[in-house]
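Chain lettering (A, B and C) follows the sequence in which the chains are written, and residue indices restart at 1 in each chain.
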Amino acid sequence: MWYEIFYRDPDFVRSIQVILELLGTLAFALSGIRHAAEKKYDWFGGFVCGFSVAIGGGTLRDLMLGVTPFWMTSPFYVVCTMLAQVIVIVFAKYMKRLDNTWLLFDTIGLALFTIAGIQKSLTCAQPFWVAIIMGCITGCAGGIIRDVLLNKPPVVFQKEIYAMASVAGGLLYWFMVWLELNFAVTVVVTFIAIITIRFLALRYHISLPVLQSEE
Amino acid sequence: MWYEIFYRDPDFVRSIQVILELLGTLAFALSGIRHAAEKKYDWFGGFVCGFSVAIGGGTLRDLMLGVTPFWMTSPFYVVCTMLAQVIVIVFAKYMKRLDNTWLLFDTIGLALFTIAGIQKSLTCAQPFWVAIIMGCITGCAGGIIRDVLLNKPPVVFQKEIYAMASVAGGLLYWFMVWLELNFAVTVVVTFIAIITIRFLALRYHISLPVLQSEE
Amino acid sequence: MWYEIFYRDPDFVRSIQVILELLGTLAFALSGIRHAAEKKYDWFGGFVCGFSVAIGGGTLRDLMLGVTPFWMTSPFYVVCTMLAQVIVIVFAKYMKRLDNTWLLFDTIGLALFTIAGIQKSLTCAQPFWVAIIMGCITGCAGGIIRDVLLNKPPVVFQKEIYAMASVAGGLLYWFMVWLELNFAVTVVVTFIAIITIRFLALRYHISLPVLQSEE
């Protein structure tokens, strides 16, 4: 079967994982720093906003799970944020042209962090409904914290399918675990599903209904 | 004595507790979702705001006490928030007419969550002054988080006696424990006191003084 | 050597520490309450904003380190905030005249809390790069939380060298530990360095570059 590669070549899988995590973290940090630039924040403000997007969701998850926040166990995430900061400062004028690239990386980040959140919660012996919420928090809370720090209403509450792609991926993951499917298959299918749902929603302008006001 | 019912019929007491907790959680979630609707947030935004009011204060308390956040131990609170979401979506037009009912439920929630916060802190071997602060956080922090997510100044900082009813209830609880009064009496009197203080403050437009500006 | 006094007279050192902590906490709480007064918050809002500045950064640090938040171990910080509240209420008109005094106390607080954050993180067996971040969080996060509660963009993201003084102090501390300098020397030099950097930056209007917008 195609998925046997994941067992035959663990180094290859590990490399792919690290590259995806690098791209995802970079994209999350970039989104924070670029929004900070729009608000005329200084370099420190940019770093904090970028770092908050990159690690905010996972940190909230880890605090609630009662484990040490993941970013304290390796300098990888601080270094990624510094890299993103340098990119924004040096290539400010060229960032917009690459918007589709950042969108792709950002969606990779959403898919990856959702899955990581689910797996970490299950490892901590949480039930699946908690794991799905934690997956969503891991993927989305960083962006909410960013918008709070920017003094804006969180964009994830008003536009696009973003959080719902994460929740749908979590439910799919649950379903595949219930079917007792192979672990690698479960992860890869969930990963692709989250990315596909988000891009389909963007392509066809699908969004959640707005709550009706009471007048 | 009247309070002996609490010992003669533990099932009855437990049922009342669950009903009160349902009403309180529902009212807290409703307040979050309705405010989100005013801001034109979508269904996801509404759910997050509702859930934040319902569990935000207790989660902050549990993180500081070093225990697992209470909402992760039972799906009750997620289900209550979903129920509140359905109510707001289906009955949007009728919500305003029931404003007095929601106010009553909300006040029940304040009283209940304050007492729960105090008791949980004491169980965690905290001193009473910490327990009173935790009671106030349990009752009020959710609403503050809601207003932060709505990008508004927290309403609890500007209007009405709300937090002070919680603090007054906490001091009363402490006083009754110091007097070594019966446990059921302590809880019931505190519960009634918090509700009474809030309604008297609303009825007679009593509020805390505003801080004077420096000019 | 001059620093031997720290070993010959531990009571003297302890007294200085308590006085500095009192001044720092008071200044942090005052900044929260005065900003709340500008926003016309009531007494409760003022207290929460003041308390958030005084304990917010250290609480975030302690949650991430997995230890009980420091303010729960002694009523000192609550009492300091109450004292600050009384000062603001009684002496509202005279506060502005003392602005230079508050600035000095606030800078003492920044230096002290940075060092306390670094030391506590090292005690918790964290690596030095985490300790420096924790020092910065201890000194700066309270002010960010205050501005979020005031519904304003955090001032630390837009003006002055504030956080960078904390980070520079942290790096200097690291360097001196690496040189295996005497502990008392390390602490005192870091303390003076942070205060000096901040005042030089204020005096010569040094600030971080603003992120360039993309147009």
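What we mean here is this: a residue touches a chain if its C-beta (ideal position, glycine included) is under 8 Å from a C-beta of that chain, and two chains touch if they have at least 3 such contacts.
Only a predicted model underlies this, so the values are computations on that prediction, with no experimental measurement involved.
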Inter-copy rotation, chain A to chain B, in degrees (Cα atoms; steps of 5): 120
Copies chain A and chain C touch via same or different residues, half shared test: different
Chain centre separation in whole Å, for chain C relative to chain A (CA means): 32
Where chain A touches two or more other chains, by residue: 63, 66, 148, 151
Chain C partner contacts - residues on chain B that touch it in the complex: 63-64, 66, 126, 129-130, 133, 144, 148, 151-154, 156-159, 163-164, 207-214
Of all residues in chain A, those that touch chain C in their complex: 33-34, 36-46, 48-49, 59, 63, 66, 68-69, 72, 75, 78, 88-89, 92-93, 95-96, 148-151
